[in-house]
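Have a look at this one before I ask anything.
A, B, C and D label the chains in the order they appear, each numbered from 1.
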Amino acid sequence: MHIQKAVQVIQQDLISWRRDFHKHAEVGFLEMRTASIVASYLEKLGYVVKVGEEVMKKDACMGLPSEETLKTHREWALKNGADKQWIDKMNEGLTGVVGIVETGRPGPVIAYRVDMDALNIQEDLTANHRPFNEGFASVNKHMMHACGHDGHTAIGLGLSTLLMDNKELLCGTIKLIFQPAEEGTRGAKSMVEKGIVDDVDFFIATHIGLGIPLGEIVTGQNGFLATTKINASFKGKAAHAGSSPEIGKNALMAAATAVLGLHSIPRHSKGNSRVNVGFLQGGSGRNIIPSQATMQIETRGETTEINDYMYKKATSIVRGAAEMYDTNVIVDVVGSAPSGSTSPVLVELLTNVAEKSPYVQKVSNDNDDSIGSEDATYFMNHVQSHGGLATYTVIGTKLSAGHHNEKFDFDEEVLSTAVDVLFRSALKLVNLEIM
Amino acid sequence: MHIQKAVQVIQQDLISWRRDFHKHAEVGFLEMRTASIVASYLEKLGYVVKVGEEVMKKDACMGLPSEETLKTHREWALKNGADKQWIDKMNEGLTGVVGIVETGRPGPVIAYRVDMDALNIQEDLTANHRPFNEGFASVNKHMMHACGHDGHTAIGLGLSTLLMDNKELLCGTIKLIFQPAEEGTRGAKSMVEKGIVDDVDFFIATHIGLGIPLGEIVTGQNGFLATTKINASFKGKAAHAGSSPEIGKNALMAAATAVLGLHSIPRHSKGNSRVNVGFLQGGSGRNIIPSQATMQIETRGETTEINDYMYKKATSIVRGAAEMYDTNVIVDVVGSAPSGSTSPVLVELLTNVAEKSPYVQKVSNDNDDSIGSEDATYFMNHVQSHGGLATYTVIGTKLSAGHHNEKFDFDEEVLSTAVDVLFRSALKLVNLEIM
Amino acid sequence: MHIQKAVQVIQQDLISWRRDFHKHAEVGFLEMRTASIVASYLEKLGYVVKVGEEVMKKDACMGLPSEETLKTHREWALKNGADKQWIDKMNEGLTGVVGIVETGRPGPVIAYRVDMDALNIQEDLTANHRPFNEGFASVNKHMMHACGHDGHTAIGLGLSTLLMDNKELLCGTIKLIFQPAEEGTRGAKSMVEKGIVDDVDFFIATHIGLGIPLGEIVTGQNGFLATTKINASFKGKAAHAGSSPEIGKNALMAAATAVLGLHSIPRHSKGNSRVNVGFLQGGSGRNIIPSQATMQIETRGETTEINDYMYKKATSIVRGAAEMYDTNVIVDVVGSAPSGSTSPVLVELLTNVAEKSPYVQKVSNDNDDSIGSEDATYFMNHVQSHGGLATYTVIGTKLSAGHHNEKFDFDEEVLSTAVDVLFRSALKLVNLEIM
Amino acid sequence: MHIQKAVQVIQQDLISWRRDFHKHAEVGFLEMRTASIVASYLEKLGYVVKVGEEVMKKDACMGLPSEETLKTHREWALKNGADKQWIDKMNEGLTGVVGIVETGRPGPVIAYRVDMDALNIQEDLTANHRPFNEGFASVNKHMMHACGHDGHTAIGLGLSTLLMDNKELLCGTIKLIFQPAEEGTRGAKSMVEKGIVDDVDFFIATHIGLGIPLGEIVTGQNGFLATTKINASFKGKAAHAGSSPEIGKNALMAAATAVLGLHSIPRHSKGNSRVNVGFLQGGSGRNIIPSQATMQIETRGETTEINDYMYKKATSIVRGAAEMYDTNVIVDVVGSAPSGSTSPVLVELLTNVAEKSPYVQKVSNDNDDSIGSEDATYFMNHVQSHGGLATYTVIGTKLSAGHHNEKFDFDEEVLSTAVDVLFRSALKLVNLEIM
């Protein structure tokens, strides 16, 4: 079987898609234009396409944007090439898309997951940044694909093309999962709880870059820290600081006390833990006792248990600090991910497959270096919990700057590499193989 | 009427009494020897004498010593000249004494209040401290009459002598109140709540020294701050700081957080306020997560309302801090006093009387300089609440060192001055006068 | 002498001026349009007019806006009716104006001071707010005359009109001082240090409202707290909170520690003190160790000495907190005012004068209720330091909402009242009087 | 060669020594009686014995007791069986002892290290605690051998006996090192810096218990955390909290601020770290602004570098906190130990030897479970730095309660096990072996 050509055929499409998504960067739960284009394309290919509440449980979405933000962005998307038919099905930020092809032949359920969201970063708009030079820098202020998810979405579209082209060779069922809001670990949980991987036997999530050079692949990335993202909002009572300080209830004092307390949560003897208050804003004017303060917190743990410990302690600290100053506090979980680990059998299989790709020079089974947190772990844990196999693969590429940097860009050859390796994995999982 | 001589007759007694009490200094609620000697003497003079539960409401005593401390000191007192008959009636630290004389003739109820307790200070035992030199330094370690209450008790005995000597001249009822545990404002409340000044028309409390020179008198001392004395005891859970820090519940973190919070209670726009954490001890060893911490707090306010505000805020802060670190806290009120003010009419009367005393060169009606807190205010407020008049008088004397200093001593001529002025006030209040 | 009519003649002008200034509200050091209109009008009347560096010492200005802000606002002002000739002389935010008339006849130097700046408040734009209803709500977003300084400027123009009209009756010298940036107590110091009241014999500052009803006047407002306004900006080092927390230098921890420390500066036994951290912002994202934090602080004291104590303590706390977390901090004083008190002789004179005004029903010599801080005290102290007399007068009026509230408005009759009383004071000070 | 008997011969001596040391428990740098008995016995056996300044560099001792404590304990020791001749050489707490035997035959320098100090724990004095029941509970209040160092000293004496008995079989040099003050990691550094292991080729430190059962041995214990023990003493200025709070400089506020800051030192991404404030005491009385506060801190790190990071951060925090409140702070290092690791070759050799001991059923080469910190690492690192081999061996035994518990006791058979294994190791290291 010789289908290598197929990847070459879509090489230009991959780059076009990626640049289109890059130019129209949309942050988590606002990927309306992106998701509607994905849905529309998959439908055209012949996939059964499900979106919105069909693939996401709204209650399990974390950190959804405000209604106003959703409405404003919807208008922007419609004016900028979105497909209204699909958008109408993605109300309230439920921008997930799943394309399904059932071959009708007995076989495993195989799922590939990519993500689609950009970051709240202002892209560099100077001459030495290629996306700006070549005209595909983000048109949205303070939204930028600085982590490569534009590439991930393109890879998903490329992979869906090859799989449908070769549908007759396959058996079982293929699911292509386009997840919203991976940044801040906010979107995966709602797709898992909706049940979209309940029947999945093999699950592969993909990320490009992450310090791996072009031509190299890690087939079993590990070391994901469990995490919880928390917003705390303190509400007190304003008062004039000169004339009636005793009337005030100082929300900033509560918040500052919480900051000190949060950073002092004891280390856990069973593994790594982390806590950070990355943002705090409180008060309205120099001479007013602050009546409000908000903060952004995150906890992490080497295991889900350790993160749970951190989260529980954090909650006590925030609530106690609020009580100290007679203020109220609202604690919202706006993101979370468990820890997770890859299935060795699937990793091994993927390694064998990858070694045969002409795009790949080097394959590593394993990488334990912590790369932070990823909510793909929700999918992985769930698939493994019913006996399936799951892994997380990193496709190396050359970066112009680190992830989350305003000058981030990547060598687009990685798009072909990824599609080739993932396509080969599907064939292998149904006992075929490309020569 | 010429009764000036009377004071001269008891001059030596005043000094002997004072020095005996000074030598046998007893701190709050342990004034067993002192009180039993007072009771015994008053009885001999012919007073109706009430002690213990007859004059104190136990529930309203604050900061009572432990049973063990009471027992140990009782034994000391019995070996050192206490009168067992009376001590047996002063169980559980109820060491208050009231001597009453009812003349049988219609007239006002007049009350004089003195206090009897020493301080937890180690008296100076070197040659340049007169009490040591002349053999009447305290025999009790870390207990010392460093505020003059030994003198107050002597004044009370002297005054009781003169009044009984002249009983036939008097009308109405006289009450001599010997209060325990004024230091830390712990004892007055229990006597007031027992009702011993329910029927009092004129109330005069007395203090010597306080920066006023010998021969001078302030007949209406004001500026007492309301106060609450609080002990907070945090209880967490110990753990080895190296091997299992996550198991601990850090009582010292809670306490340290409370310290910062307490000192930051907002100022009150309606008047002076104060807060202090004067003592903190926490933890048991360098490598153990502290499972306990205790602190001594006091709040003050220019008015009772302001102090209530401080106390309420303090309580919230302590409780919230405990909750932050998942610890428990016990908050005990171990002392309190309201604010208070003198009755101008009684002040004026006392001024007129004092000006006639041969011991007095200068009389001031008023002094607003804050001298801290005093639980005589409980008596004063209660007397005034049913229409009586009350005042707080300061009898000046020369001090060898400031109040609460280990070298404190005073010129004993003040004892005669005080007795003379107070005796004159009794006569005046029943419309007599000494020439 | 009957010149009452004069005030009536300019009544409509007063209202027009006030509404024009209200509509074109400009905050401290940006009063370019306002000041240029004032300067232009005074010049037309015949005053010697000095502005910019002629009347302000730049080094003594506190909290000047950035160059960019100045430039942007200058453009706005020029498009909205400012007088370019005058604006060119008010570079860098030096928007103070002084109009001087020298009569050529021997006599005292009399100075009146009004202020011109608005607040950073978004004015209410709903139907029940008169300025909105009648079309003179502020056209500048987040800038609003919510304290009445629009009225003060109008009063200054009205007073200047009457004085010039009656120049021939007067003797000595009159100075009309239009001060910028009273809010935040930022502008007075620079005018005083420039020397504009070095020769002043009588100084009168004016404020409307402040809880005094229409028809009432306080001729000697006291109780101004000394104050210092401080900005603290902490700079640390960012780091990824998950992968390399040890590299970070946490500016937010430093700031939070400073917040707790600042609020715990001990009370001062000699008088009232205040401290507030009214605003804090720190950090850039949830998963980044915060590399920066800024806060707005103010201290106050019943006396300049007490405020100096607060300020000194605050500085130590901020610097120590920065050191704790190995961060740098820049502490800027962006405003200050000393305490101050009125001259009884001038107050008395003003009371006599005010009682004769047909606009005035009630006059109080004195008001000690603290109304916060005011940098008119710089002028007052300086005038008094060389033997002059100074006072601060409050002209009552009806308010629609409290000062600094988004619905603030006032009964414009106060404009006539103020002009009438101040004009009468000038006559009186040169020994004339209106019948 | 059959010398197994030898151990049996001294079995009773081992128990007697251990119980004698247990009964006369002496804490770090006060092991005068213990050390003098050790020195005296070694001398009798024929060792060259060095003590005091011959084996310890005074400047490198950490946390030495006060002169008064040393003097008082010296008197106690002399009255309780100490050898005055030796004590006179151990001035100022330099209680280390080294016994040296030079065989005169070429061969390696082999060193064995035991420690001698007890803990500041009050031993259980109730019937179910064997040392109490059998009459060898500590006679020193608040001093107890609760970690087994009494056993270690006995093992050292036993080993020295066997080695001297078999001196003719040996070659090279043997050093028996009796180290003071291991608790708090205070004593090793001074012996290392004095040079006593400069020439050592093989170094073996020994501990009993630590969770290993009787009959089991760990020949290469690892996982020691580097640590620094720090005392911080804040000095401020007292003031009456009611009458003059502004005069005070609050040492307790500084200390409480430091507590919060210390616990919030960021985790280190390269390995485990720890910090604890295990003790804090501040203030002298409820109504006094605290003028002093002292705290006991410890930092730990998986590597010496990580601990250095923790220590450096801790120092900044303590100093910054002191500066915040205008107080002074003295920071003393009162203990420290680096991290360390065992030499695999020596571990392997020891394992081979131990497997032949009739007392041993199970041998583990390695144990990475952190057992906290140990200053034996100073010796180990130094020996390894010049090419020698070092290890730390744990001899299992049954415990009645955990280490540092007031009911700690152990099965004394461990003494024979330890002596047998260590004796065998010496033979092996000179190429002999017991059958």
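In the analysis below, a residue touches a chain if its C-beta (ideal position, glycine included) is under 8 Å from a C-beta of that chain, and two chains touch if they have at least 3 such contacts.
Being a predicted model, the structure only gives us computed values, none of them experimental.
Visitor: I'd like the angle of the rotation relating subunit A and subunit B after CA superposition, in degrees, nearest 5.
Guide: 180
Visitor: So which chain is the furthest away from subunit A, centre to centre on CA atoms?
Guide: In terms of C-alpha centroids, the chain at the greatest distance from subunit A is B.
Visitor: Centroid from C-alpha atoms only, then distance subunit A to subunit B, rounded to Å. What do you get?
Guide: Measuring from centre to centre gives 69 Å for this pair.
Visitor: Taking each chain's centre as its mean C-alpha position, how far apart are subunit A and subunit D in Å?
Guide: Here the centre of subunit D sits 52 Å away from the centre of subunit A.
Visitor: Residues of subunit C that contact two or more other chains, please.
Guide: In subunit C, residues 243, 245, 250, 253, 257, 260-261, 263-264, 266-267, 269, 274, 289, 370 touch at least two other chains, as defined above.
Visitor: Going by the contact rule at the top, pick out the subunit B residues touching subunit C in the complex.
Guide: Counting only subunit B, the residues touching subunit C are 260-261, 263-264, 266-267, 269, 272-274, 370.
Visitor: Where on subunit D does subunit C make contact in their complex?
Guide: Checking each residue of subunit D against subunit C gives 243-246, 248, 250, 253, 257-258, 260-261, 264, 266-270, 289, 309, 313, 316-317, 319-326.
Visitor: Could you list, by residue number, the parts of subunit D that touch subunit B in their complex?
Guide: Listed in rising order, the residues of subunit D that touch subunit B are 120, 184, 225, 227, 229, 240-243, 245, 250, 252-253, 255-257, 259-260, 263, 274-290, 293, 296-298, 300, 370-373.
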